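The structures considered in this document are given below.
Next come two complexes, and both contain subunit A; in the first it sits with subunit B, in the second with subunit C.
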Partner chain A sequence: MTEEATVFEFKLPDLGEGIHEGELLTWHVEIGQVIDEDAPLVDVETDKAAVTIPSPVGGKVLELVGSAGDTLTVGEVIARIETGDGAASAAPAAAPPAVAQRESAPADSEAAPAPAAMVPPQPAAPAGPRRGPVPAAPATRRLARELGLDIAQIPGSGPAGRVTREDVQRFAAGGLEPVTAVAPDDESAGTGAAPSGIPFFELEPMPDFSQYGAIETKPVRSIRRKVARKLATSMIVVPHVALMDDADVTELEVFRRRERRTDERRLSLLPFVVKAITECLKEHRMFNASLDPQREEIIYKQFYNIGFAADTPRGLIVPVVRDADKKSIIEISAEIYELAVKARDGKIEVKDLQGSTFTITNIGPLGGTRLVPTINYPEVAILGMGRAKPQPVVRDGQIVARTILPLTLAFDHRVADGADSARFMSALVRRLSDPLDWLLAMKG
Partner chain B sequence: MPIRDKHEFKVSFLQVLDEDGRVDKQLEPDLSRDQLLELYRGMVLAREADQRMLRLQRQGRLGTFSPSTGQEAAACGPLLALGKADWLVPAFRELGALLMRGVPFNRVLRFWGGWEEGNVFPGVDRTLPIAVIVGSQIPHAAGLGYAVRHRGEKDTAVLTFFGDGATSEGDFHEGMNFAAVWKAPVVFICQNNQWAISTPLNKQTVSESIAQKGLAYGMPVLQVDGNDALAMYRAAKEALDRARAGDGPTFIEAITYRLMMHTTADDPSKYRAEGEVDQWERRDPLVRFRKYLGSKRLWNAQKEEQLRVEVKQYIDDQVKEYETPIDVKPDIIFDLVRGIAHELIEEQRAEFLHRLNDENEDADA
Partner chain C sequence: MVMGSLKQETEVVVIGGGPGGYVAALRAADLGKEVLLVEQREAIGGVCLLEGCIPSKTLIHAVETLQLAADAKQMGLNFGKASIDADKLRAFKQSVLDKLSQGTAALLKNRGVEVVRGRARFDGAHSLALEHSDVAGVEFKHAIVATGSRVASLPMAEDAGVWSSTDALTLPEIPARLLVIGGGYIGLELGLVYAGLGSAVTLVELLPQILTGADPDLVRVVHKRCKKRFEQLLVDTKVTAVERRGDGFVVSVKRGGDALELEADRVLMAVGRVPNTDDLGLDKAGVALDDKRLIEIDDGCRTRAPHIHAIGDVTPGPMLAHKASRQGKVAAETIAGEPAAFDNRAIPAVVFVEPELAWTGLTEAEAKQEGRRVKIGRFPLTALGRARTIGRTDGLVKVIADEQSDLLLGVGIVAPHASELIAEGTLAIEMGATLEDLTASIHPHPTLSEAIMEAGEVAAGSAVHVAVSKSQRRS
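And now, the complex of A and B:
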């Protein structure tokens, strides 16, 4: 070893098994700082876990790539560290790959190692006509064979150009150009948009807004990204229909206001609606279902977990009241309060956000008169509650002031029809408009 | 005709050192100073090596592996009772057992780095490679035990490890039954670390204990504090002695806890509560044993410091050796599966090399 300074380039390793990217959470060092070998360098969150990566070498930090919130790709250089002042310059920087490479093995096994950071970079996907064997799993090869396709012609979107099942299906549907005809751009291997296969559907690149005025860009991350994906899927996949109605909640409001509690735990309209919804779902089970387009099946759920949209400092999330049909209104109220507090404080657990069968969004208290909500895919329907307020209505030929709650039911027309939705809505409005009658008919 | 009780069974629990390092004088095994220090060194080495492996994995220098931090006593205690003629059949979370057996750390690194060479332990006999496939090693251990008996080897036993998850596998039940029926000299140790990846014990089994499953096969069972190295030694010693004397197999359930992730590819904070981990950190097997050594005036801060330095140096050297390039030999698997060559295997090797050659030519074209 010479005393000469060398620069160690640290490439983001595969932190799990088959991880392609991670979100940068925080750097533990600053540029110019000296870091010891094995001291914490950076925190990165992948699909599987948030982990602290220790520095593989000791030395002076010359460059750190990216800042919190950025997406880092496995294999990309994320830090440059100057080593060589004697001690820190030991093996790793100069050492050839220690982790065995299995260049000829296309399929990963559990014990297959992560590609080492010290491995010289390899092209992510072949840019021209393919040479050598096509990487693909046996099941994918079989699918291609059964469809009478030559797998060598199918462009692969997987890691290292691997042909996936979806690639074969898209290719079979005519959505992809064969590899040999025109060499596709390399973008299919990375984060670039894969061809969608939906006719007339093409995302055009954003115009350069900065030519018109000042802009600020922020990455779409975590909750925002999840919400965006889910709702885009819902809007593209599900034929939405929205039915609107009003519930006269004058009597229910009188009843509700008798409760003495005055703090934020006071009963709101929401738990009443949650309870009423569970009964309506039992009577009209297609609204407590999901359509599986791949299997061409409708899945009817025999549990009633009601999600409610919560506005938190970090964005929209939907906590779930489990088995709401088995709980009293007062229990549902308490649970909604607890979940909302957890959501607000960022302490909600993943299990509190899973398994909903129907969702309610209660925009009323915040503003607006009514809204057409987007279905929380893959559920069949969502109820939007507007603001309950006194309105002039006609009763027995007279104009009287009543408290009106505007309701919108958006539903998946593949599963339910307009008539179903009208019956569902009537059942709901009936309960909310005549609480005494509802109470008398209520089952355990 | 009244119903009468026919059989009654019980499961006993053994602890020698309590959580504060206080020893039960009646149960304290008769171990020499050197043996006690060997056991402690084994546990410290296992802990330090495990932590080093985690950093190497995070740096991309090692593949996925299964950390063993917190389970050192369960793996190392029994090794002190294992003789050279005995067989060791590990699962994949007994780093301490392998190191105490004399397996060079660089071989363990090679294994988790994806090298077939990590299955070969030079200078260490009668030790099977790491078995990642859950429970697959249990019938192997039963078979080895049967072979030992069949060949008339006296004073030889087989020690095998597996986790709580493995007890739900058919291999476990088949292996246990065969060993019991054949009176094979096998000691089965279940490291019950409470979690099978993200499946907690109460979703693994509704039995009161895992130990009682051995009763169904008619072998002696014992539940042991798996974070107590002396108890683990004592239990394994008695079981191994019984096996060597021709009295058949024993099943030991070691109650322990996995302080880290199942493997480096999962995040335990997503499936278990932090409080649970804190509770088990207080039962750390190393802390308890160190207190015990201190109370016997065998240990002090200076000796601890010396040991840590020595262990770190060993680990550094082994990592360096692991990262020293060796030739990639793609057909090494054909060397390692069978003890003696076989024409079918050689045919496969030839075909494999032929294909590899073709692929390389294609790639160079």
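And now, the complex of A and C:
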């Protein structure tokens, strides 16, 4: 029996929720090389993580699209691989792509981690951020209303971002991601100042710094861009308030240091804080929520996924400890360690970075006494941990040395009030300052 | 009659039978509602039909016909001296109003809408009291307030026998000298009517531009023509006093530092309109007014009391019949539980002057005020074949589009039949059309409508019929 050589067109598979593109880091193969099924094909860095994508088929690599630094779009053909017997004999005749795709379909859906064929075609992104009413025909707007949808959230596939009837239907069926209020991908603004619609607020073009000295420019991409977007959104959309307090962690530190481990896996303060925060979130649910400004609704989450800011060679990412309420402090500690290693090595997966309900940023070990953190939008609050160090403290009229952990809770004033934050902070400080009481009373 | 003591019950009551109210009533009836319409006047149609749009357009058409005859001289056509039979013109106009009003009344009857004469006031959240009526009151589930607007007046001109636009449209006489206060669309339209009928017209406008709200490049064409038609056209001029003197009037004005006295046989006051929201008992129904005494509504035309709707001139936005009609449909559909919304992107504005001026969507000034980056295409009628054939080349079409996406944002037209031509622009904006959509659609040749396509091409930088400047080509 003979199998004809066919060309498999490998399309960049779905990289996870809401991710439409990634930056090509490196190819694992060269053109002409034979690759095994499931062998690493390419490394791609998305806004959320770096991933290695395996080849869904075995065969000879005929073509690789793009080189390091290029942006690849989900659904785009990134490689052509010759499969079947013909691959070994290096038959140059390539079958028509349509045939290749059809014949390779079964292999595609079995072997590929996320089959490219399942990815719906992505519509052309609107040319810029939406201003004013959404372009859409009156009948299309009516359809959206009938389906109970806000047309402003539906990405338009037509020219100038026009929302078509099909876009509305596809969105209703869950096939499209909502449009968010973030800046467009392309470098906007051109040369002049970009008017914002906010009085006195104009994004003026940068001055020519090179007239004052040497400069180097680097495009804002990947994680840097994601961070920039997220924090700019947070700062513009969320009315931040920050409440500061100190936790006397002298006793907690004594307790913690009794753990014998001395390697990298030894207990740090962070897992205690994660656990304590989780308990406080259960008591003060407005800090474990999100505000949907479009629907004017507060979404209270009944799960407790705690993100922690991690400094990696690629930039800031926030790995997530899932279901912290169901885990012991030692389990949380182990998980934080594993996530931090994965993050450092660029091995973190998208799912490890999603679904957090509250974020902690621990700047203490790196330096800095206190910080005012920016909320990890769309969460409601973030806890900033400063450096725990011995401080003179007045106790019973005496100045004594105690280990003090400075804490800052930044929160969304639309959802929570100052009194809420004070109660939340007191509950947290009480646990960290009096670990015996806390740990004795701890459930589950 | 003992009926006066009883309140009539209905599902939907519409207060006001103008172009908003009667459309709402018809639509609500079509959607299966029991509808009662309260109208204060003898006839259905409101200001638009009885003392606004319709009578003024009838008179304007008459005057235009005179002008066409005069202009035909350049083509070698001579009709001799025109004469005007004012009585016959008045009668023709009245016959137009009667036919339209009766037609509307017949439509209401045909749909089973009960029309009740009377002056309505809310005396509760679900109840109206009626005055000058056979019916004491109405109890309703839903109400639509469509009471419209009335002419505004300057305090010094009250009780001095000064004409309002309503008076002027009855064509009581053709004065030798008419002074018009107000350079908005009403003042200009009526000023041109009387100028066409033979009056020497002086028009006084407080602001530096007539037709505030329209883009200056479009207004310039109208201003030039009005200056020819009028005796005097005074902008930046404030009226300080209006006095009767003998058979006529003396109007004192201030212009720059100078105080002038202008004499006229008649004075027409056309300084805008105010909403009819006073003395309706709205507070008893829980309906809130804003600081301009307009009724606050949501996009389903619901007021603060959600079972009461408001449409037309009593709501924010331009005081235009076509806006009221659209809102009337939205209100009726909302009451019937349909997901309707007044989410229109473009409300065309039309001024029936010479040449006609119309715009829709954003004006250039509004686009700039919003800080949008736009591309603009202008096409002059002098470059248009059809405009040449009718000997009317004053005017232009302007197209405003988003600089990046080419999304059509606005269209402005100053041209013969601009009132008809503007419809294409409105549809295009509502559909979310881009310049390409406009320019790739075939426009019949030779027509004035080609100017819209041509202006679109200028904006897109692809015009074949005009020289394109370098800066436009780059954009």
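In the analysis below, the second predicted complex is superposed on the first by the 243 of 444 C-alpha atoms of A that agree within 3 Å, B and C clash if a C-alpha of one lies under 4 Å from a C-alpha of the other, contacts with A are read in each partner's own complex, and residues count from 1 in each chain.
The criterion applied here is as follows: contacts are C-beta pairs under 8 Å (C-beta built on N, C-alpha and C of every residue); 3 or more make two chains touch, one makes a residue touch a chain.
Being a predicted model, the structure only gives us computed values, none of them experimental.
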(message) Is A:Pro133 touching anything from subunit B or subunit C once the two structures are fitted on A? First, second, both or neither.
(response) both
(message) On the A-aligned overlay, A:Arg145 touches which partner chain: subunit B = first, subunit C = second, or both, or neither?
(response) second
(message) Just checking: does A:Ile154 make contact with subunit B only, subunit C only, both, or neither of them? Give me first, second, both or neither.
(response) neither
(request) Could you figure out whether subunit B or subunit C reaches more residues of subunit A? (result) B
(request) Please indicate which partner A:Pro54 is in contact with in the superposed arrangement: first for subunit B, second for subunit C, both, or neither. (result) first
(request) Determine, under the contact definition given at the top, whether A:Val429 touches first (subunit B), second (subunit C), both, or neither. (result) neither
(request) Look at A:Leu15 in the shared chain and tell me whether it touches subunit B only, subunit C only, both, or neither; answer first, second, both or neither. (result) first
(message) Quick check on the output: what are the common subunit A residues between the subunit B footprint and the subunit C footprint?
(response) 131-133
(message) If we count contacts the way the header does, which residues on subunit A are in touch with subunit C in the complex?
(response) 126-128, 131-138, 141-142, 145-146, 158-163, 192, 195-197
(message) Quick check on the complex: what are the subunit C residues that touch subunit A?
(response) 339-341, 343-345, 370-373, 402, 404-407, 430-432, 434, 436-437
(message) Under the stated contact criterion, what part of subunit A meets subunit B in this complex?
(response) 10-17, 38, 48-56, 90-92, 95-102, 104, 110-118, 131-133, 350
(message) Going by the contact rule set out above, which residues of subunit B touch subunit A in the complex?
(response) 55, 57-64, 109, 112-116, 132, 261, 264-267, 270, 319-320, 322-325, 328, 330, 356, 359, 362-363, 365
